[in-house]
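Reviewing the structure listed below.
As written, the chains take the letters A, B, C, D, E, F and G, and residue 1 is the first residue of each chain.
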Amino acid sequence: MDQKFKFSPSVFGSSGTVEQSSYALKAVSKGSTSVGIVASEGVVIGTATRKTSELMEPRGMQHVAPINTMIGMAYSGLSGDFRILKKHAQRCSIQNNLSNGSAVKVKEVAHCMAILMQEYTQMASARPFGVSLLIAGCDKGVPQLYDCSANGTHSTRKAIALGRNAGICTSFLESRLTENLKIEDAIDTALLALKKGYEETEAELKEGDGDDEEEDPMPTEVIQIGIAYPEGFECMDSNTVDEFYATSTYLD
Amino acid sequence: MDQKFKFSPSVFGSSGTVEQSSYALKAVSKGSTSVGIVASEGVVIGTATRKTSELMEPRGMQHVAPINTMIGMAYSGLSGDFRILKKHAQRCSIQNNLSNGSAVKVKEVAHCMAILMQEYTQMASARPFGVSLLIAGCDKGVPQLYDCSANGTHSTRKAIALGRNAGICTSFLESRLTENLKIEDAIDTALLALKKGYEETEAELKEGDGDDEEEDPMPTEVIQIGIAYPEGFECMDSNTVDEFYATSTYLD
Amino acid sequence: MDQKFKFSPSVFGSSGTVEQSSYALKAVSKGSTSVGIVASEGVVIGTATRKTSELMEPRGMQHVAPINTMIGMAYSGLSGDFRILKKHAQRCSIQNNLSNGSAVKVKEVAHCMAILMQEYTQMASARPFGVSLLIAGCDKGVPQLYDCSANGTHSTRKAIALGRNAGICTSFLESRLTENLKIEDAIDTALLALKKGYEETEAELKEGDGDDEEEDPMPTEVIQIGIAYPEGFECMDSNTVDEFYATSTYLD
Amino acid sequence: MDQKFKFSPSVFGSSGTVEQSSYALKAVSKGSTSVGIVASEGVVIGTATRKTSELMEPRGMQHVAPINTMIGMAYSGLSGDFRILKKHAQRCSIQNNLSNGSAVKVKEVAHCMAILMQEYTQMASARPFGVSLLIAGCDKGVPQLYDCSANGTHSTRKAIALGRNAGICTSFLESRLTENLKIEDAIDTALLALKKGYEETEAELKEGDGDDEEEDPMPTEVIQIGIAYPEGFECMDSNTVDEFYATSTYLD
Amino acid sequence: MDQKFKFSPSVFGSSGTVEQSSYALKAVSKGSTSVGIVASEGVVIGTATRKTSELMEPRGMQHVAPINTMIGMAYSGLSGDFRILKKHAQRCSIQNNLSNGSAVKVKEVAHCMAILMQEYTQMASARPFGVSLLIAGCDKGVPQLYDCSANGTHSTRKAIALGRNAGICTSFLESRLTENLKIEDAIDTALLALKKGYEETEAELKEGDGDDEEEDPMPTEVIQIGIAYPEGFECMDSNTVDEFYATSTYLD
Amino acid sequence: MDQKFKFSPSVFGSSGTVEQSSYALKAVSKGSTSVGIVASEGVVIGTATRKTSELMEPRGMQHVAPINTMIGMAYSGLSGDFRILKKHAQRCSIQNNLSNGSAVKVKEVAHCMAILMQEYTQMASARPFGVSLLIAGCDKGVPQLYDCSANGTHSTRKAIALGRNAGICTSFLESRLTENLKIEDAIDTALLALKKGYEETEAELKEGDGDDEEEDPMPTEVIQIGIAYPEGFECMDSNTVDEFYATSTYLD
Amino acid sequence: MDQKFKFSPSVFGSSGTVEQSSYALKAVSKGSTSVGIVASEGVVIGTATRKTSELMEPRGMQHVAPINTMIGMAYSGLSGDFRILKKHAQRCSIQNNLSNGSAVKVKEVAHCMAILMQEYTQMASARPFGVSLLIAGCDKGVPQLYDCSANGTHSTRKAIALGRNAGICTSFLESRLTENLKIEDAIDTALLALKKGYEETEAELKEGDGDDEEEDPMPTEVIQIGIAYPEGFECMDSNTVDEFYATSTYLD
């Protein structure tokens, strides 16, 4: 342990929970919805951002980002905090390559992020990160999906949903997932899960406004999808997202 | 992460929001109104300051500032804080030129500012910056407009309004914006948006005073406009502002 | 004592208890149940995690981890904090080997962990670790079981249960333990103790939900078992766990 | 940004204001009144101190101080804090001369002071300075007047009043100022503005005492005046102040 | 005084007591009972731990520990804190031997411990140690007993009791002690005093449980005894404890 | 500004006052009364201490202290704090002599003290000094009297009183002071002023005691007087004080 | 001033008192009574400790301690804190001898202690010392008595009492002291003063107990006396104390 750490704002509350960790998880649960699904030949991760103004360009900002050629990352929570974590993950990947002479494993990236994020819940002189991460990649062809939570834990999942209305998405994922899911089906499922979450969010917000209009369907521009194939990670271009979305909503 | 950061005043509140970030955004929403508009051949950014005394020389202080020959910056919020950020942006631009041998991109400046501003919401031993920024420039001829928010997020926009009465300006911008906006129309639109915001602010303040006089129109001297052309960024001189203003209010 | 330690959040409350220590123990008592049993020819340690979603892969994360070829560790509490402690234990083992030229003893690992964990209850500028550890190994063939508590104490035990419903497990262990316990019986007993704790936890949570369904039996996938034989420590593979579990529940 | 800054006492309040900055401005508004006026051939700055005892020698202490041969500074607020700022301005002037080989500009001094003063509202481990400054000088013959506020902002002014009863002085200045003001008229106006402020202050304090005597006129010894001519900055000697005061009050 | 000490949590309360010191003494008064008795040819120190579970091995943990061949230490309070102090005492003994070339005196060890413990009540950035110590040894054949209190004081005693129900033990000791006490009688007295304290504690706890069963006698396994003979310090083996205990209770 | 300053306890209160400064001034106003008077050929400074017990030797402690052969210092407030400031003044005088090769001026000492004292009201990690100083000396034969206040301001005075009942002393000084005061008259005036203050203090304290005895006159032993002649500073010996006191009280 | 000092817990309260200093003085006033008396040929210092248990050996701990061959020290307050101060005084004495080549003066030791003790009331990151000191010695044959108070002041005295019931002792000392006191009379007076204080303390405590027994006389073993002769400082052995005590109580 490095002795230079100063007083941390993260201490235990009387019920045994680390309060700043719990609050950070609340920040995550208010962020954009993100989902991850392990298919038999790859991993799909994606997010749906809310478009708060016509003037925004949601696709201008990266919600799904590559860490290296093989591994990608999505998130729910504070976008400013994600920027820091993305940078850290990229540095971790490069250092690993340099010292091991081999590509970093998905598990190693997840471990590396979880170490950093735990530190901010216990020792660093700063609040925890208000972000939970999805990390996707294939190690020797085997698809891997990890989540690193704002409270410093990490786990491996068949599928997962984070952020606003994650509960609804999760139920949907549980109802649809099968063994040996094809990658195309995983994309469809991810899009539909994000749509469920998005529409629920819109409905909640309209209710808040006492506004009774019919729900608009989710515009495709709020969606970003990344796929970890055994050959490498790639962010889906917006046309392909549009095509898949058209198909998948048809299927719904 | 540098271990030397000390205890930060920015921690999570129980609802999952970073309180100092929220308060910093309030400081922004009380500052001078600023707008940014992407046209087809450039980006217009501008601010309208309140003139609190006849003795002030509003054009004496820079509210729209060039970062280098290609990129400019406007802001809403605390002017003392802006000074620090402007300096940081200029240093970031120079370092980038030195290390890359090529001109810094608008996106890179925005990223650099957002990294710093995020840091002050999580790790630095100081309050966050009470400023949101508009960063405008053209990369290889393509007009780019970024905003960096006091809470450490950054995004890219077709148009945006910040500061006092930003909501009114935004509505106006949404109603007027069209595809393939000419640069002259963007200037007119920016001036009219600033006028809307300015007059609303004056009205609010007079109401506060129980003062019933007719509204004065916005004097041109409170306005500063900068334009990022593909050839470079320039701050409009005051005569040109006056001319455009005369035209645009005529058009209104 | 190193003078560089900064202000610690751990101070005495007016009743003479170190509050952060007490709260850390609460975090432990909410964590996954873990048990440890000393048999005549080895030590069994194990944990039962709750599976909160069908999408989780409980065996994907290490709850029972080897420290070196001879010694293993299980835990109850915050998994992020455990990661740090595991790393520390491995480093402690390596350093000991380097400086002594002989394998580290179980007692030495326990001592080393307890020193670190005590420090975080008194001197380090961070909250205590929200984890209690079970450390198992054989020194010159003699089975040894230590627990290191979140409050910095360590002790040696014939058997022990930690975490959620540790009380129920402990009663069960007390009722079953005999002198000269065979290793297979110790495994059976550990599995049954974990099952008791698991089912109680499920019952409590269902009650909380006002949900009246019949209790599901504990699925074997939530269980991880490690055994310290005189020849070395090994984590039991999942098939073997399944077999033992089938037998032991039959015996119950 | 230097990472060595420690926790700052200046944080945002919930309304988006930096509380320590606001309180520092209150300290300024309780300090001696100071005024600054830009004339066509120079800048006049001056202060009126209250004489709290017959035993005080108000002219013994510098309220208007030269920074170098060309630039001078006056202030309202805490005199102890001013001493630090004056020293800093002088150092800033010398460093500028050394590194640029040319005389420092008024604007550069103002910028330098504002940078320091902003820092104490955001980052330094100390309260902000309880002082606002007037900085006067001529750059290539052009008279320049800047104010640097305790909250870290700076601006350029035709004329300004700071400190106790600054509002009354400002109104007076607004009513009297004309274009192309001669330097002698600027001195008269400054003296009369200081007199207005001084007498109002005396009246307020007498009222506080329930004391009904007639107001004493302002004694000249409480006044200090500095003038920035194109040839250089000079503090007016007390006889000249007396003469001008006699004339100006005659004119009133 | 080393200037590197940081802010201490130990400050004076308004009544002139150092609050953290008082609370640390409460932690001691809740710990296992320990006693020390000076006999004419040696010193007896001992503790009685509560056995909270059948699975515990009370003799597995050291409550009475040798510091070097001549001096031993017992304690009441937090066992994690004791581990640190024991280590410090051993280091202090070694350093003394190295620099003086002669065996450390009991008094020197007591002084060394008291210096450290005082520091944590005034200067170190940590809570005080929640432990009081008994230090026993013979200097040139003369039996010596010191206690070092959690509040940083040390004193020399003919006999002393610390920890839970220390008052009852002290009364017993006062009633039994005579001049020229033989070592065997001192052991008997220590055992009986520990028995008084132990049974009182058990009674209190049963009362708390509303449990009315007859008191169990103190099991010998909870007792640890150390004896400082002129020839050296030794921890009594458990058989000898059992024999003495049988005799002494017979005598009672 | 040195960046190493840590968090200061001195911050602004909501009314714009620096609270620790105000409280430090209260500490001064409770201290021994001190007076300073500028005569035509020198400066007289003096203090009157209360004698709280017959056993005290008031002349044993320095209340008026020489800084170097030319300059002396008196104070009101905390004597422990004065010790630090005296040392600092002496060091400041020596450094000045070393670097300038000429004797330090009274003004320079005052400036040096005020810089230090201001720092403790803004930047240092400690409370302000609870002391105000009188600094007396002759520069090239011209008598000079400065006061440095606990709040970091310094000023020059014809005469001044500090500490308990300073108001009464000041009124007396104002009523007696004339131009071209002889040094002997200044001493008489100082003694009488101290006597006024002393007797008022005694009266207040007796009233507090409900004690009605007649006032005792001020005993000369509580008085210390220092005189800055053009030739040098000297502390008056007690016999001379006695003589002057006899005369001056006769004159009263 | 060393810039490395960190935030001090000692700040001014609103009434101008340094709260931690006041509380430290309360800790002193609860400590053992100590007295000091200047005789014509030496200084007597002494303390009376309360004996809280028959098992205590009051003479085993040093309450009156030599600093070097010429100077001794007694105290009232926290014994743990005294240990630190004694060590500091001894180091101060040695350093002085080394650098000056002459024996340290009583005044220099007092000054050195007061500097340290003041520091802890203003600048050090720790509470003040809860101790007041009596320092006794002869400089060139002249007896000297200094007290250094917990609040950082020091003074010289003919006689003084500190600690519990210091007021009663002081009154007694005032009534008995004469000029040219012989050393034997000073010892008698010191013993009687300690006896007064001791018996008052016992009476108070018995009252607290509702205990009505007759007062026991003060046992001599609680007393420690040190005498600073012109030839050197010595701690009186216990037999001599007994003899003097017998005589002096006879005289009473």
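Keep in mind that, in the parts below, a residue touches a chain if its C-beta (ideal position, glycine included) is under 8 Å from a C-beta of that chain, and two chains touch if they have at least 3 such contacts.
Fair warning: this is a prediction, and the values are worked out from it, not measured in the lab.
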Listed by label, which chains are in contact with chain B and with chain D? none
How many degrees of rotation bring the Cα atoms of chain B onto the matching Cα atoms of chain G, given to the nearest 5? 155
List the centre-to-centre spacing of chain B and chain C in whole Å, with centres computed as mean CA coordinates. 55
Taking each chain's mean CA coordinate, chain A and chain G are separated, in whole Å, by 69
Inter-centroid spacing, chain F versus chain D (mean Cα positions, whole Å): 31
Which parts of chain G, given as residue numbers and ranges, touch two or more other chains? 4-8, 125
Chain contact graph: line, ring, star, complete or other? ring
Neighbour-by-neighbour ring order, given that chain F leads and chain G comes next: F, G, E, C, A, B, D
If you look only at chain F, which of its residues touch chain G in the complex? 2, 4-9, 19-20, 23-30, 53-57, 60-61, 78-81, 83-84, 88, 116, 124-130
If we count contacts the way the header does, which residues on chain D are in touch with chain B in the complex? 1, 3-8, 10-18, 111, 114-115, 117-118, 121-123, 125, 151-160, 170, 173-174, 177
